[in-house]
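Everything below concerns the one structure shown next.
The letters A, B, C, D, E and F name the chains in turn, as written, and every chain counts its residues from 1.
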């Protein structure tokens, strides 16, 4: 039986939901006020979880300080106080929905965390809307 | 790999735990102050989750605005500012424990959400007592 | 300069907003769904604050354990898991709005706490609606 | 002695801290990442408080449903899912700091609420940064 | 399909991360400020979850009052307002990381709860660091 | 009319309530489990507030980044992951109640913040017990 350890971080960003293949009317109809051309923004709360065995010498699954530093270096540095559509490379063609942001964060972190750990991401766009990835 | 999306809503309701097949003494003994004959009440927090694939055109698993409207129309309209025992059809014979309320909400929503989505309900009766349904 | 110390407690109760001098239509028009004849309910969060000098021997303004016991004995025992309109003596003729509940709680506690302490009550009916009494 | 009643609402907006009289370097030096040219954003939590006497007929200082509608009509309609710098008239020349946003909200609401009520605004930019206006 | 019911409790304790087989320098290097020789402390939030079938007579999976009493009697009595390293038998040789504390709590409760219920423990060391045990 | 700006920080510390002039029995009788000889601990939440005029050039009362740095440098560096009784100079003779900790923090910060700002400190020992200093 394994233990799941989680670290919560946050970032503040602007974004706009938008599909470039659609007319402005279609974007407005599907995404409503979330498609406001001048952007809006959120305080995103990000929970990153690792599941694995505890190390008998430390009693840790993973050092939470190292996980926090990893998230800060690889995610917050790119996303915090940014415009997700304009200031990052990830959402030029991909719509920055909470679902897509969570999948992008998972892919970035997956390359930097040993495969022996299962990796899960939960992202709160607001207190009332949140997503989890992956789910089996 | 799929994404799980969640929407939080809330309703305020009165209820009483009660088994009509039992004497008042048995109800008092089993349910304690939760069986107060004149009812008591809660601010219920309801989290409805859908698990599925993201739509490549929208980046959504499900439009959270539509999920919110679906919950308001089918759950909150019946439950918010009501007496669950007296004002709803569901708890005439069924005891309105958090477990049973969550299962009722799940059955109502299950009929209105495409079977391709897995549906999960979490219900907080208080900050300290909550239930999840279904769990495999 | 003084210190203000605060203790948070909670109780779950049913209530109905209602003015017996009015017709049902007037009650419905003024209080809306809060006037539902079969009651609804809330998880009330109560914060009781005392302002005074610290005792040099203890470093306390007031022992928080004693304040918690005082609230439990004098408020929660009467209000928790009750119907405020039917099960308490206070709201037979007085409408149990958050404002009136807070004032009733203040009057009950004021008699049991030394006048050298300023006493303040904050009551959350929901996370989004709350009242404070008294305010100068 | 009066009662203070409060209503919490929220809006999601993009903004940028910026003084047009300064060079880009000065803006960067003073406002740091908050001056990102492509904006960033927040989930703003807004608490509006009114202090007054309770109406003996209703037990209300002010109907919270009316206060909520007033905030939605006059504040959220202009600010929610908007870019505060570009999409509102208030922050063309005024820097949209939490301090200035709170003062703008207070001025808008002050014109629509009877002078017999004292009006106070608290605005959370994040869970860790918040402002209150006015303070005597 | 089963229901998962959860109860949240809390305890306040001092602890120190420390491996007696290591030098002070190694402890300092691995555990940093968490290894402070004079201890530090936390408000631990503990969520205990049971998964099972609802009893048709009560509508309960498990009586939350009984679960709360069980946690208080078997966990809080030993851990609340204690030094985990010095005042409990469990962490004489075992490092009191959140992972190890959660596993110890699970083992204590597992002996006192019928095997027909699946038992899960979640422990928040801070709002930002938490663990879950077991995870399959 | 002025604006009050607030910054929330946190620290994790061990402490013990204890009056050296008293016998162990008296300490036990007055402070109960809070006097446990091996200490216990808390996640302290600290809110520091400054009240003043906004600077027309910045729209700030005070730069929250600077206030955060000031708190980290002068308070957290001394208090976070420490034993308040043993590791700090302040509570050798002074009992580390929430009241006294808040007053010590206020005195440290008062020397480092311009007198034109009113300074207030709120300290949460737990979610249910908190203090504010000064109060007029």
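Keep this in mind: a contact is a pair of C-beta atoms (placed from the backbone, for glycine too) under 8 Å apart; a residue touches a chain by one contact, two chains touch by 3 or more.
What you are looking at is a predicted structure, and each value in this text was computed from that prediction instead of being measured.
Shared contact partners of chain C and chain E, listed by label: B, F.
Chains that touch both chain E and chain F: there are none. Overlaying chain A onto chain E using CA atoms gives a rotation of 120 degrees, to the nearest 5. Distance between Cα centroids is largest for the pairing of chain C with A. Two copies of one sequence, chain D and chain F, touch each other mainly through non-matching residues, since under half of the numbers at the interface are common to both. One simple way to say how far apart two chains are is to compare their mean CA positions; for chain B and chain C this gives 28 Å. Each chain gets one centre point, the mean of its Cα atoms, and the points for chain A and chain C are 41 Å apart. Counting partner chains per residue, chain D has residues 127 touching two or more of them. Of all possible chain pairs, the ones that touch are A-B, A-D, A-E, B-C, B-E, C-D, C-F, D-F, E-F. Chain F makes touch with chain C in their complex at residues 17, 19, 21, 30-32, 94-100, 102-103, 127-136. Contact residues of chain C toward chain B in the complex are 10, 12-15, 33-34, 36, 38-43, 80-83, 86-87, 126-127.
Listing the residues of chain B that touch chain A in their complex gives 1-9, 51, 54, 57-61, 63-65, 68.
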